[in-house]
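Letters A, B and C name the chains as they come in the text, with residue numbers starting at 1 for each one.
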Amino acid sequence: MNMETMDQILARQAFFADFPPEFAALLAGCASNCHFKAGEYIIHEGDPADRFYLVRQGKVALEIAAPARAPVVITTLGEGQIVGMSWLVAPYRSEFDARAMEPVRAIAIDAACLRGKCEVDHHLGYEMMKRFLPVIVKRLHATRLQVLDVYGHN
Amino acid sequence: MQAARDPFVPDIYRVEQVRRELADAVTLELAPQSGTRPDFRPGQFNMLYAFGVGEVAISMSASAREKPGFVHTVRNAGAVSGALARLEPGATLGVRGPFGTGWPVAEAEGRDVVIVAGGLGLAPLRPAIQEVLARRECYGRVTILVGCRSPYDILYRHDLEQWRQRLDVTVEVTVDHAGTDWHGDVGFVTTLIPRSPFDPDKAVALVCGPEVMMRFAGGALQKAGMPASDIYLSMERNMKCAIGLCGHCQFGPAFICKDGPVLPLERIAGLLAVQEI
Amino acid sequence: MTQAFKGDGSAGVIDAAGLQRLIEVLAEEGYRVVGPSLRDDAIVYADMDGTGSLPAGWTDRQESGRYALERRSDKAFFGYAVGPHSWKAFLFPPVETLWKAQRGSDGVMAIDSERHRDKFAFIGVRSCELHAMAVQDRVFGEGPYTDTAYAARRSDAFIVAVNCAEAGGTCFCVSMKTGPRAEQGFDLALTELIDGEEHWFLTETGSEAGQRILAQISNVQASDVQVAAARAVSERTASKMGRSLDTNGIKELLQDNPGHPRWDDVAARCLTCANCTMVCPTCFCSTVEDHSDLTGENAERVRKWDSCFTLDYSFIHGGSVRESSRSRYRQWMTHKLANWIDQFGTSGCVGCGRCITWCPVGIDLTEEVAAIRAGPGEGKSR
């Protein structure tokens, strides 16, 4: 079996397309492979957001639990998508639960480590922001359309 | 086309079968009281008349080859549709049609087909899907994307399952919200488009659902590389006569009843962007 | 309905008694004769049995939001422009039963559709009105589906046109190329010439039916002087138009400017009262009402005039697409002057000025078009 290095794995992810090679090594240093069983919680609401994930395989549900009702799934995320945005914004605490709906393989990135490196090298920070911002904007747009409840009755 | 007879006057049809689809929607199978049902194209509609109540425009929900009569999925959303949704087998109703433009099923031959359905929008699209799958070898990749409010609002679950089981069709269903017992996608239907397998240079997209959903789906398809001339929407407006004489269904210069309901995005993109037009 | 007719170019002259006889002949032939008469301080179209019911010696003073009658110094029969009525009220009745249905206890339904059919003779049809009828002919008769009852009334109708000797205060038929002279679409066309005791009508024939009817009335061949006098009437009328409308590029002007600030301006004034659509001779919008009786065995469908100015007009899925008065005025004017061209190949407006006269707040579409032309638009937006 040919073991790929984390550099190589990251370079193949669409999210990191055209990522400057000098930063790939920096990022790889913060990254590791992980996997979750179906039903396992990847993130719990309120946890320190010290990791975020890039899904390589499987489906993840973002959920909100409220008292006396079953958790509501707000959105599902799949292959190539990022799970976990709260690492970008103080106080760096997860807002929602994230549950693996089926077996999930992902790349976990140590957010605290990465935040540190971005502070030291702003160019790395900019490259990360450039990739995260469009994801956030697209998700906000899609969420707004969801909230519109277009299929609702009158 | 009803050349010789008065186009204001309905034909009499009988309800052969009623099938409950959702809490507030049924599918009626209709047979003519006399004579035969006229031929029609996917995407066209009939004006269904509930005795003494009124008429409402309902698209054909199954292709001409599926059943000898008309098939219409009706949602209880007002006085007329409510009366129609309560009809029982044996009841009579009036039918005028078929009216309007159809989906470009023939024009899509040799190309990928992308179906984007929102809510009950799957009903006017089902005849097109049936026509495409009946001659599957004439088309490229076939992708069916469906968005609904919740898992309880998914129309034609049986058909979706059958289509999904085919190896030559991609079916993706997403809902706006769900509980943990739903194992599919959650998110607005436009999120399915970037991940779909179609060649934007050689595809035809058929989109049907609430106007807001169609507007954004059209945008997402264009962002994915499709030209507006290959994207078709099924538009809706207030309809009274359905034969281009009462004026109500105008959308800009187009009469939805005769220039539509199926219209290419290229022709209407400017109008969709204007509020209250 | 008049066939394309190549007469010998000659015209006859009849006097007032001849006009009376014309009306009698038409009635004898089974026509329901309709023409102008004075009612409720306006000149409207109603059933007539002779020249006695014509508003002889009256004229009208029309301005934006104003209509008043005034006495003339002569006894001209047709010395006014057009009033609030148009001939569409007869060809396309405001209320009409389309069909009746019965449902037996066995649930079986039957429908019977017999639409009322009158044979009309219209006396005093102006050139703009001839064009308006042609516009409605295209709407009701040239689409994929036709209103057969309209087509029947239209083809049965006998039309006696009148060439206007007075231009109305709000008229602009010259701008719309719809007058003031009646060129075609009539069976007979009269030009009234009145000078002291002299009172006669130059009568041109426009069809075989017209020729046949005229032959039953004593008439004299028109002299060259009389023909010239008739032409001079039209030329003088053409020079006295109350309004004008520049139609150059008007389709693009309106279709490309849905966001123009002028729409907000007119919205602040428009009451969405729908008067303009009621008096307009080309407006054709209708609605249907379904009625049933208490037994539940009998139902009928009635068609009624409707207006794009009502809130219900664009109702769909629990709300109206055009909720604001701004969007409704924009719809009406853009349809009438621009979209109509895409739909039917001509403008929907014939320059009769009725919408200007009968608007309670005096909105003038010629002024609105000029304002949109003059002021900067915002391009295609909103």
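Rule of thumb we're sticking to: a contact is a pair of C-beta atoms (placed from the backbone, for glycine too) under 8 Å apart; a residue touches a chain by one contact, two chains touch by 3 or more.
Here the structure is a predicted model, which is why all the values come from computation and not from measurement.
Visitor: Which two chains have the greatest number of C-beta pairs in contact?
Guide: So the pair of chains linked by the most contacts is B-C.
Visitor: With centres defined from CA atoms, tell me which chain sits nearest the overall protein centre.
Guide: Of the chains present, the most centrally placed is B.
Visitor: With chain centres defined as C-alpha means, what is the inter-centre distance between subunit A and subunit B in Å?
Guide: 37
Visitor: Using mean CA coordinates as chain centres, what's the gap between subunit A and subunit C in Å?
Guide: 68
Visitor: For subunit B and subunit C, what's the span in angstrom between their mean Cα positions?
Guide: About 40 Å separates the centre of subunit B from that of subunit C.
Visitor: Touching at least two other chains at once: which residues of subunit C meet that condition?
Guide: 317
Visitor: Can you pull out the residues of subunit A that are in contact with at least two other chains?
Guide: Only 154 qualify.
Visitor: Listing for subunit B: what residues touch at least two other chains?
Guide: Counting only residues that touch two or more other chains, subunit B contributes 77.
Visitor: Show which residues of subunit B lie in contact with subunit C when the two form their complex.
Guide: 1-2, 6-10, 12, 33, 49, 51-55, 77, 90-94, 236-238, 240-241, 243-248, 250, 252-253, 255, 258, 270, 273-277
Visitor: Which residues of subunit A touch subunit B in their complex?
Guide: 59, 61, 63, 70-76, 78, 99, 101-102, 142-143, 145-146, 148-154
Visitor: Using the touch rule from the top, collect the residues of subunit B that touch subunit A in their complex.
Guide: Within the complex, subunit B contacts subunit A at residues 24, 77, 118-120, 147-149, 153, 174, 176-180, 182-188, 190-191, 195, 209-210, 212-213, 216.
Visitor: Looking at the complex, which residues from subunit C come into contact with subunit B?
Guide: Touch list, subunit C to subunit B: 98-99, 101, 103, 107-111, 113, 139-140, 143-148, 255, 258-259, 284-288, 290-292, 296, 299, 301, 303, 306, 308, 313-317, 321-324, 326-327, 330-331, 335, 338-339, 342-343, 380-382.
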